[in-house]
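Following this message is one structure expressed as structure tokens.
First chain written, first letter: the chains are A, B and C, and each begins at residue 1.
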Amino acid sequence: MLKYYFRLAWSSIRRNPLLTMLMIGAIALGIGVSMTTLTLYYVMSSNPLPFKSEQVYAVQLDAWDPEEPYYDDDSPPPQLTYGDAAAMMRSDIPTYQATMISRGFSVKTDQPEARPQRVSGRATYGDFFAMFDVPFAYGTGWDRAADDAAERVVVLSKDANEKFFGGTNSVGEVIYMDEQPFRVVGVLASWRPVTRFYDLNTGAFNDPEDVYVPFLVPISLEYGAFGNTNCWKPENIESYEQFLQSECIWVQHWAQLDSAAQKAEFLAFMDGYAAEQNALGRFARPRNNRLSTVTEWLDAREVVSADNTLLVVLSFMFLLICLLNTVGLMLAKFINRAPLVGVRRALGASRLDVISQHAVEVLIVGIGGGLVGLCFAYLGLLAVRSWYEGYEYLAKLDVTMMLVAIALAISAALLAGLYPTWRISRIQPAVHLKTQ
Amino acid sequence: MLKMNDVSKIYTAGLIETHALRSLSLQVDDGEFVAVTGPSGSGKTTFLNIGGLLEAPSSGSYHLDSVDVSKLNDADRSRIRNEKIGFIFQGFNLIPDLNIADNVDVPLRYRRLPAAERKRRIDEALELVGLTSRKQHLPSQLSGGQQQRVAIARAIAGEPKLILADEPTGNLDSLMARQVMELLESINEAGTTIIMVTHDPELARRAGRNIHLLDGQVSDFQPLDPPPEEADKDIADVA
Amino acid sequence: MEIRPILSTLMRNRTGAILIALQIALTMAVIINSVFIILERRDTMARPTGIDIDELVITRVSTVGDDLNVRELIENDMRVLRGIDGVSAVTKISTMPLSGSGSSTSLRSGDQQDSPSFNIGYYQGDRHVLDTLGVEITRGRWFAETEIIYDPAQGLDPAVIVLADSTAEAAFGDGDPIGRFIYTSTGNPIEVIGTYDQMSRPWYNWGDFYDTAIYPHVELNYLYALRVAPGRADELVPTIEQTLADVDPDRLVGGTQTMRSVVDETYQRDVAMNRMLAIVMCLVVVITALGIIGLASFSVAQRRRQIGTRRAVGAQKFHILRYFLVENWLITTGGIVLGLVLSFVINNHLVQTYNFAKLDAVYVPVVVLGLWCVGLLATLGPARSAAQIDPAIATRNV
């Protein structure tokens, strides 16, 4: 019987190809537009560290201006002072923890002809790699001893290793960064979290860094960080030492806490530290220290901008318009056919038969709309990629989103077909049999 | 075959009530060929709609083939229409998108018959109406008389016990009308009960029995009751 | 005119009319909110920066090493850069307007703790900043060569400063700022020696866009901004990068780009947002128009006999045309009223949740007018075909 319904639907579609194309086109456009914006939204808001969503935390301490909160909603600042981060590092409660900053370097290899090249770098603790599940192709990170001694060791990203060593195992080789020799201890495998969640200062959706060095290396070179340095306190800062001791916030700090007990213990440690500092005249604000999961962190920092949310809302309104349109067209088409349905009813078609027949037709329109809509979404994302630099990883349809698109199109079409199908199934056959 | 008792049908449109049938009682036996006549507005079509289970009566009882069908739900009524009743309309009501064979196929599909059985019945029905060679044609490629013969094939393909015909020759010229009439008569002779609504006294005369409706009731006055011998002779001529 | 009978006919065939009215309402809400955002962003992007964006190229050198003679290195670079054909001026400056990175600080207009304070975005640069960027001195004077400090000690506050006019106004109101002092948060005095007309902050979304100042400080890692001959900016980028790289092959030269591309990158998100909104807006109008055409054609087809009857009893073609246009106008207007409410509800939500600006009612009449036109144009086709219906249809095959 289903085959029969398909045949009837097909002949009905062939009878009004323009109307059918209009319906498929309307659904496809609605799907295309809403899937474009939804994909962006979905990728942007996806969890970059899904397997540790309840283990890895952004550490926030509120040592900000007692007169005025950092954020209007009283959230603690997104970064720490150097001194506070160093105090956190002294705790052995977290499974892993790392202070970090972003910093560029000028890199030269041993080749005499080579000109220096700019690389982006991250200065952090050796725990960074284990905490964020960073995969290695060769070698490993470095240990706490290397951290403490500010050893000149470096981990290269896959791309940087490609650039400087042609992709070979470069562990043990030496590269010169800002004219200092660094020994390569590890090379990463391909690693590209969608959001660079651990440091949102310099572009949330940028690539991770090219090179990784121990945190104390740039400190020993008296470097500042690339990114934001915010100061609230009038202080005379006339040396690097004074800068390190200042109330300026400029470093990020993350910790892995595997259990609720561990988390509570560390939060107590943070609060205890704040109370201690309070006695010394710091941390004058109400106690406001925080451990945020990656998702909470990304939400609070509004990584998915209001623009993206608005586009999703507007595009779903557009989809709704397309649906209303389809309802109208389908209703017109079905009602036009009422006399024929009357005949079928007289010949013994039950209401369910009529409903099934039209539902199959609606389904075909939905599937057609979904497939064409996928093409539109693909084009839309292509356009988005050409409009935004660095959106290659964001404006991409994955299998989930494709299935969502098809499912959305079919449910949209079924929704649009619901009323017309119901209407046509309720017609009085007798009314339509008398006149041609 | 068909037994109506005290059947009334009232249509309400806003505040106005129209009594299409008023306590109609009648009976049609198996194998009869009954013509229902009456002026416009006498309730002929309403009678046919209720008899064909297209509408439910407002009150009264209706037994079809000894089954009380006046209280059935929509799905059951659809099933009975499909299995026991064949319709023939004045306007043919063929489905323009479907070819002749597929048109005859429509009621068989709704009976969920297997493909081979459907094919056999389609072939038989089309052969009976003499349109086997036109199987693949669309209704629009056929003359009015041929279209009505397709409609008859469609009505009999389901092997119904009762055929309801509503002015089956109303849109046809006299030659074609006669062919259609002859067809109906042969179907009736094969045992199928036929109830035909018509306002044409010529046709009514050829039926076995006439029921005259007036104001929604059976009227005793039979204006054009033909002498029985005449009718017999006509039928004999046809045979 | 016969609005009442049209209305009563509409009420009896509600579904189609409701569908169209809902579409119009949603369309209206989408369009009003989109237009509003587009125009608002366009205004933001159209703000002048105060500098000659199209005639500037920036580049950056990083030099590593101890005990460098900063001044000598910079002067040597500048000499080489000035020698490039098409380059008319060069300056060493900490950052550029709209580049997205820079510094800001709070200053006070008096030396008391409670003196009024104001926030500025500040640039640090050499003597050539204003000539190169195309900014005019409005009062006082520019830095003397002797006032420029090369490679200043960390945290050193300047002795003299040049303010933007709007900064001077924030500090001193209408009074003459020249020769007066402003104070750092730690109380160090800085003498105001001059003012310039306009130069925006490095960040585009910061309030008090034009409250900036310039310090006479130069560091080695600042960028070079070059003023180039009109129309030659793009073409000169590789030459500039190569020339600078050739000065010393051990130095890293990079980030050479036109100032126009810097600004474009800054506004990239807004431009893309506007494009997406514009596309959605166009599609919405097209889809709605097609929907109106579809349903109007259907309603004409449903009423062929009725129209024929009207014609038969004496209605002219014009009357039939008018009937359908008026009917559509009524539906559209119903949708517009609903859409107005919806638009403001949505905008209100945006204002409260996302800090969007409050909807300006001046766009509303334009959008309403536009939607009326769309509705009437879309109905015109079906209405005209209705007017062509043969009166004889009324008597044909009953």
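Rule of thumb we're sticking to: contacts are C-beta pairs under 8 Å (C-beta built on N, C-alpha and C of every residue); 3 or more make two chains touch, one makes a residue touch a chain.
As the structure is a computational prediction, the values presented were derived from the model and not from experiment.
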Remark   = Check: graph minus subunit A resolves to B | C
Query = Does A-B or A-C have more contacting C-beta pairs?
reply = A-C
Note = Cα centroid separation, subunit B vs subunit C, in Å, comes to 74
Ask   = Which whole number of Å gives the spacing of the CA centres of subunit A and subunit B?
value = 68
Request  = Using mean C-alpha positions as chain centres, tell me how far subunit A is from subunit C in Å, no decimals.
outcome  = 26
Request  = Give me the residues of subunit A that touch two or more other chains.
outcome  = 435-436
Note = So subunit B residues touching two or more other chains come to none
Note = Per the touch rule, the subunit A residues reaching subunit C in their complex are 19, 22, 26, 29-30, 33, 37, 106, 108, 115-118, 178-179, 234-240, 242-243, 305-307, 309-311, 313-315, 317-318, 320-322, 324-325, 327-329, 331-332, 335-336, 383-384, 387-389, 419, 435-436
Ask   = Once bound in the complex, which stretches of subunit C touch subunit A?
value = 15-16, 19-20, 22-23, 26-27, 29-30, 33-34, 37, 62, 64-65, 153-156, 184-187, 245, 249-252, 254, 265, 268-269, 271-273, 275-277, 279-280, 283-284, 287-288, 290-291, 294-295, 297-298, 301-302, 346, 350, 353-356, 397-398
Ask   = Inside the complex, what are the residues of subunit B that reach subunit A?
value = 45, 49, 52, 54-55, 74-75, 78-79, 81-83, 87, 89-91, 93-98, 106-107, 109-112, 154, 158, 166
Ask   = What residues of subunit A sit close enough to touch subunit B in their complex?
value = 1, 4, 11-12, 15, 339-340, 342-353, 428-430, 433-436
